[in-house]
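In the two complexes that follow, chain A is the common piece, with chain B as its partner first and chain C second.
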Partner chain A sequence: MTSESKIMTLSPSKSAFKGHDFNSEETQILAALSICILFFGVGVPVWWKTTNVYRADLPYHEISKLHGERQMTVQIFVDVINENTPVNCNTFTKNLNHLLNDENMNQTSVGVVYKVTCHDERETAKVNKVNHIYIIFTNNDERGYGLRLTTKREVICSISDEKSGDSEVLELVQSTLTSLIRDVMVRESILKELVSNIHQERKDFSHDQEMMKMIQGNLKFDILFSLLCPEPNVQVAEWNIEEADDLYLKAMLEKVEPVFDFNVGSQTLYYTLIPYAPKVKKDNSNNVEYHYLTHNQLSLVINPIEGRLGSQVSADPTLNFVVYVTEKKFQPLYIQKNDKNLSQSNTFLIPRWGALMFYNMNDTFDVEGNSYKKGIVDTNTIMKPFLNHLRALMGIQNPKPHLSKLNVMLHQLNYDGIADWELDYLIRLRTLERIASATHTLNSLYDLLSKISNIVINDNIAEEVYKATETAAKAKALLATGDLSEALNISKISFKSSETAFFDPTLLELLYFPEDQKFAIYVPLFLPISLPVFVSLVYTIRRLKNAKKSKTD
Partner chain B sequence: MYLSYKLVIPLLFAILAACTDEQQKITKQVEKLFKGGSSHTNNWAVLVCTSRFWFNYRHVANALSVYRSVKRLGIPDSQIILMLADDMACNARNPRPGKVYNNKDETIDVYGSDVEVDYRGYEVTVENFIRVLTGRLPPDTPRSKRLSTDDRSNVLVYMTGHGGEDFLKFQDAEEISNVELADAFEQMWQKRRYHELLFIIDTCQAVSMYGKFYSPNIMSIASSQIGEDSLSHHVDPTIGVYIIDRYTYYLLEFLESTRPGSRKTMAQLFEICPRHQCISSTGVSTHLFRRRPDQTLVTDFFGSVRTVDTSDDFLHISPKSKALERSTDNVPLSRGHFSHVTQFLGDQLDQLKILPQPDKTSLGSKIERAASAAFLLVVVMAIIKSLIG
Partner chain C sequence: MQKNMLGLFVLIYFAMFCTCNGNENYEESLKLDMIDPELVYGFFNFTTTWNYEHWFAPRHYKLFPRSLGQLIQKYNIAELHFTMTQGLWRYKRWGFPDASSPTGAQLWVWFHKNTEDVDKNWVGFTNALSGLFCASLNFINKAVTVTPKISFRPVGVVEGGETDNTFLRYGTLSRENLCTENLTPWMKLLPCGSKAGPGALLNPSQLHHSKFLSIGLHFLHDCSEGGSCERRHVKLEQHISVVYDLRTLNLMPNFSLLSLFKKRVKPACPLSSRSVLMVRVIEGATISPALTESVGGFSVLNLHRLKSDSNVQVKGLKTPGVTTKLNHGVTNHCYLTGIGLEGGFVCSIVNHNNREIPIIFFQVVPWFLHTQVHTLKVVSRQNDIISPAWISYTPGKIRESPNIMELIVRLPSDSITELSFHFTKGFMTWIEHPPDANHGFYISPAVITTKTNDLNISKELHGSVQHIYSEAILVNIPVPDFSMPYNVICLVCTVLAISFGSFHNLATRRFHKLSPNEVSPVKKKFLSLIERFKSRTKKNEDDSLASTAEKSS
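== the complex of A and B ==
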């Protein structure tokens, strides 16, 4: 087509719309209306839809319900077993039930419900099930009565025939058992404090020191044993840590495997010095008796060596157990506690970090031809305090002071280092912690997403959130019925999913698109177009009105 | 009657005092197991310098000076996140390569030989900064680049650079607004990623940056008010640019006289850099902070004073007996997750003697001397030749 004909085709008189007047009012009204319809009916929705932040569906209702009903109930089974004593099992059970379940459940973050039942023989009750506490009455000829707490889940009450008829004695036994169960074995107050702390509603601070020591809710931890020899040219040490791990640690870690997954490693470091200045204790004739470090000095001991320990190599949090072979010039080095006595174990615990021990080498022997002394670190000496520290870090408190107040004897621990009832307590503690943490995380996520509308929610995050919500509700229900092991497994899934969802790297605010700056972005695009459209719309409406008026005239 | 009143009431008070005294003694004993009144267990620092280019030397010097002080007072590198453009030390214009000074007297090299910059160059972006604070980093991020704090960590956040009202400029390319920063801190609080937070900012119009904070336990210090500029301290004639900012200069002066176990309080820190020295007036915000500034130690944020527990009421745990072990002989010794590493291999340990001094007449030095002699000879001959020819 030539340009001439092109021009000719554009002229109205020769075009296909021959006879049609483009400047007529009707055409103009129609044009304005159709552009408006296109603009508002098609353009704006398309723009809105395409610039919308993608948000996958989330169970908002379930999350707020979970948070609203965040009080948890734990059910514990108490079995009273009477082995041939004249004690009336049923009355005792009824009274004990009354004493244990007498608290007001409304205000607490965790409500503990005890189901006390009576059995006649040990066999029918199937002793040592998880989440059960067994109170066993046996005959005793020697003393009046005595209570013993075993390393299984049993409290053995040996009572003589004459005392078993005495109601005062029985009442005393009941109240002791109530305190024993509620304050030592189950430790209701710390369960409540932990959960209310997670929900940031804490009022009770009496267990603050203990909670500060405890490691947080992670599922996996690394345990790192480090042997530090600061002057290997003078004295060097070795240790058989693998054997020690096998003899001492392996059993304990296997026992707590359902709760925590620990990986153990060890290393030896040379020339890693602690730049400290221990004080000197001199005896009467001004000879040096020993060196010691005060409590204040201990606070600064860890910092210089922390960088060398290499504990940041793995992705999981690490618990460090360090054995520091004291320098020859400072031997023997002791730790002075706050009450001015010397520490028996020569170790100290750093909350959530681990423990350090100052090891004074005694048995060193000259190695032929070399000027330094070589010694073997006695793993007995180091593992005992370290295992106790590990218990404290996991959350298990030593019950000795409570028990001596109540006049209950405690059986010595087995080689696995944890009593069965302590394991129950740990499972309960960590299950509650994980469910509460998942609930709180999900609620924070909900708050965050409703407050900041600029965050994209992908499908994988939605999946994790759904999984976390469902499993949290399920674990809560299982706890209330008393199925502790299953509740623990499911709470782990819930915790992991909620953490994955909250810390997903894509959950970042779309920076540079804040709400108040959206105007500045879109107004220059839309205003030049919408202004003439809007004005012509106004004119169109006016003309239509005039046309109507002229028609009716 | 009257006399008996005079006796009864003091007696009552004395009894009451004795009772509460006993209670207090017990709580004090329990408290003394741990140190300090803060109940934090570890310290972290996030130090951010948001400028690049040679003429912003002073911002890098600011951040590095605070880094050095914080390290000196005990926080280990693994708990410091340092974000710098890091283009000063090896800049072509630096007359002392590899060194960064914060004073024209060049007394302290704040770069040092053990500086550990976690985010350098173009990694210092608003996105990375927010990711570090909120913890939303990609899973392959190394531990040294993560802020792995918990609900017992005290965090120090120090920012320096060019700022304006309600924003802070990052590397001349982007900005972070005070709303975004406040939201980031709130997300940290929601997940309990700090126990207490100290926010120090040394930029122009710095007070605006902390104006929107709403999360608890945050204390903020800013070097200038809205509408004021934060000025630099002095010019270093050797490099031709300003070498440090006023507020950080006086902050450093304060910190240099602080030792790790110091009892100086935050109230004393608020006094530094008054108007006649700094020209701009500092701003302080403590309404979100739980404790009083005169009861908060400087080392609660700048140092790393760990709480320790020396109690040793231990339970006795006996080892697994050898008899039991024999029965599990066929089971491998460790669970397969056990790994032991020595720093040196066992036999190499016996060779940890003092190595002999290098022989002064060794072959290497002989060749060296021969080569330098030859070179001198060539030069002399060239000179003679030019004199003749």
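== the complex of A and C ==
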């Protein structure tokens, strides 16, 4: 009796809703359905909209296209200029063109196209334009022929009238020129290796050592010269680094300024010791004892001093050039090379880091009133090897032009330490590197975004990505048309934008928001609400099916 | 006379150094003084000066630390004062220190007048400095930063002669502790580090066994020659003040450098032009070895003449009978009053001079304490109301800037003056609280600025004004329950779920009458389940009975 009354009270009062049976099956199915629609149609989208990670629109298609067509083409202009020799310029040009462009270039990461043209006037040669190689034929008074590579962009072929008609000689000149241009001046193989290395698809490892030394990526670097005086109580070293900077370094840095922005500084550190134990040996010739360090020992030299060298102010990487004044008890100290000979310069290069020199101070003088002796570091002896190391760090190697039977003469480098054609090579190398790494960075970002859903992309980041994509494509096109300097400038923008986009801290904002915490917040709300909705939905569907069945029956 | 002699000596040294060492000069000294027979006060001072022409913007560093020099250049800093202090300097008992500093970290910087965005530079600089010293100086944000109007004037020379307050920023962090990790980078800035001279005594673990420890770093521009100020130099002063309690260290009748610092003093840093150890002991005690030179009551040991590591001992200290009270000019003591959300702040300032003196009172109150400036009262003990000669009050903005109070008060002769005001405690949102919120919040120490002459001390101090710091005061403000947000989420979700569930049930369930004899389907199912369970247990029992019977048989 009691249960009946309970049920009676629970049932909706008919007086309030006249003429409508709320207890009918139809009404209930309708109610369940409308709740479901509300839940899925309004609730879920609202929740999705409010908790979704913001991601601005990105040029996904362009990025994948850029990465898909990552092969690059470089165009280089070769101008053959015949001054006053009987050599047939046009035939020579044709043959050279054939020799230079023979390879099937589509299969490599970088294709180099040479545009060889013939000029009969000297006038054009005077221009010395970027991305040009000038081959100049001049008359040789003596009976012979030879090749000279100048510090500009010229290869001078001096050839006597007698030999000008000799086809064998001309062939030799052609083949030598081809290998000179391709392997020394342009260095196609390392360009290819570098680009495929960035895309992590390298097959050739012949330039591994050289590539390991090269500094990577950044547009700006700090160059820091450090003079380390480990025992100022015995001897204090001084140097005139301001003068050395002006004298040796300034011209070179100004020349490479379009490629790298260097900021030079120096410091003197005292009581900074390298804990090493050099070996002692007696010189056979003059019976003088000297100390030496082997290559294995050198690897442990940098670590103890590195903590004192650095400074956190600049965000750019630092190239360290360290002069270590050897302790009195170890003087003279030399570096022994792998072939057991002593190193001439007493320096060694640390890839991508800089170089260190052990400096044996010979001339010290007393200072009045002080117990220690003082010495001046000769900047000439330190700067020459350091400049060589700086070239290697930038990516320029000293040419070894023993290419064929014909020797090529090299001109001495100017005071600026870099030949014009080397600069062209450096620009080419770094432009390719920057375009390739921008492409690679953008592609990595694209991959990450598709894998990790929590990464936020704000509008300013999207802008950078757009900029990087556009400029990378533009720089690529410029390289193919041979506008090298503009390509360099554009590639810098592309590289910078891609790095900014990839390393922006806002990308990581929500990355560390753990999934389990999200569930801890969602479960108390979603579970009690969605469960009855689902159950009633199942019931409704079953009832609808039953109703259909009964109808058909 | 002696003082003059010392000055002459310094001058001679300086001249000598200038001829051989370019335009940099470095001096180091340690002053050991006894506050009373039980307290030893040590003051390390390391000063580097560097002459410059036109503008201080070096790239090549020698004695001046490069890491700091770069910061000064990058953030365009004209003058910098940074101290970190552990413990409280007791002005009343210990007298006035050589370098006054408040508990915790204090930083004030004058920027050059050509600075474009002072606030941006300030934020950048505090962050960089916190990186350099491994301290949390990055917490000096805009809610802490103030620009005092008259309390902190430049100590050095000002370009153009006139000061402009808009280029001054001041911030304190009373909660910041001084640790070994701050001391190590500080010592790295010294040319000889802790390898020579007084610096060799800086033993971090032993320094922290003190009653008071403070490190300071002051950078300023100064005139090289008095008067015309045509040539200028920059000056970097590094201080350490330390107070040891001999009784707690168990060193009562005799102590030595070795027992205090657990290190011996080493010969001078060879780069220094002056390196001295000065000791003054209380009457009756003796120094061994006996130091012959004496300047201004201090026995002096010239570390340049020292040949090997040595120790200095002080013998024959007597336990004090009556401690003499040091009355030096002005002292200040601040405390809190009030209960609950209402608070009051009282400072009692004592003037020991027998003449009326003017002081500047400076107080920063955090934004969450709403100060009521109408309650500001300055009353002397004799109940005379003193009206401040000048008042500047800047009300705080919530989460933006603190309340700043700066007054000039003329203290009557031989008087105690009470300065008080009221405040109400505000609330902070739960995410604004620092870790360990129940620790409370600090009101940074009140700063009293007086003329050096009014301090009535014999010590030679830099500058014409001195700062006296009071205690940092701890305030408790209401702390929320930090698990509250999750509780709220859970509670709201539960309420939502319950209400939704019942509405959903009402809408989708069908209710109909059951006749009393009819058993509901749910009940039927339940009953049958019970039946089944019963029968199964019975069966099991029977089986086990049967098996035991089998075994026993």
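Here, the second predicted complex is superposed on the first by the 452 of 553 C-alpha atoms of A that agree within 3 Å, B and C clash if a C-alpha of one lies under 4 Å from a C-alpha of the other, contacts with A are read in each partner's own complex, and residues count from 1 in each chain.
By our rule, a residue touches a chain if its C-beta (ideal position, glycine included) is under 8 Å from a C-beta of that chain, and two chains touch if they have at least 3 such contacts.
These figures come from a predicted structure and were not determined experimentally.
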Check your understanding: Can A:S536 be said to touch chain B (first), chain C (second), both, or neither?
Key -> second
Exercise for review: Using the touch definition from the top, say if A:A32 reaches chain B (first), chain C (second), both or neither.
Suggested key: second
Exercise for review: Pick one for A:I241: touches chain B only (first), chain C only (second), both, or neither.
Suggested key: both
Practice item. Based on the superposed arrangement, let me know which partner A:Q267 touches: chain B (first), chain C (second), both, or neither? Key: both
Practice item. Kindly classify A:N233 by the partners it touches after superposition: chain B alone (first), chain C alone (second), both, or neither? Key: both
Review point. Which partner does A:L525 contact after superposing on A: first (chain B), second (chain C), both, neither?
Key: second
Point to revise | Partner chain(s) touched by A:L413 [first = chain B, second = chain C, both, neither] | key: first
Exercise for review: Identify the partner contact of A:L544: answer first if only chain B is touched, second if only chain C is, both if each is, neither if none is.
Suggested key: neither
Review point. Hey, is it chain B or chain C that touches more of chain A?
Key: B
Check your understanding: Intersection of chain A residues contacting chain B with those contacting chain C?
Key -> 232-233, 236, 241-242, 245, 264-268, 270, 311-314, 367, 370-372
Practice item. Enumerate the contact residues on chain B facing chain A in the complex. Key: 30, 32-35, 39, 41-42, 74-78, 126-127, 130-131, 134-139, 143-144, 148, 150-152, 174, 177, 179-180, 183, 187, 190-192, 260-261, 304-321, 324-325, 333-335, 337-344, 349-350, 352-354
Review point. In their shared complex, at which residues does chain C touch chain A?
Key: 16, 20, 59-63, 66-67, 70-71, 74, 128, 131-132, 188, 191-193, 195-196, 267, 269-271, 304, 486, 489-490, 493-494, 496-498, 500-501, 504-505, 507-514, 516
Check your understanding: Touching chain C in the complex: which residues of chain A?
Key -> 1, 3-4, 7-8, 10-11, 23-25, 28, 31-32, 35, 232-233, 236, 241-242, 245, 264-268, 270-271, 308, 311-314, 367-372, 374, 520-521, 524-525, 527-529, 532-533, 536, 539-540
**Study point:** Residues of chain A touching chain B in the complex
**Key:** 200, 208-209, 212-213, 216, 232-233, 236, 241-242, 245-248, 250-251, 253-254, 263-270, 295-296, 298-300, 302-303, 306-307, 311-315, 317, 335, 337-338, 343-345, 347-353, 367, 370-372, 380, 383-385, 387-388, 391-392, 398, 400-401, 412-415, 417, 441, 444, 447-448, 452, 502-505, 507-509, 511-512, 514
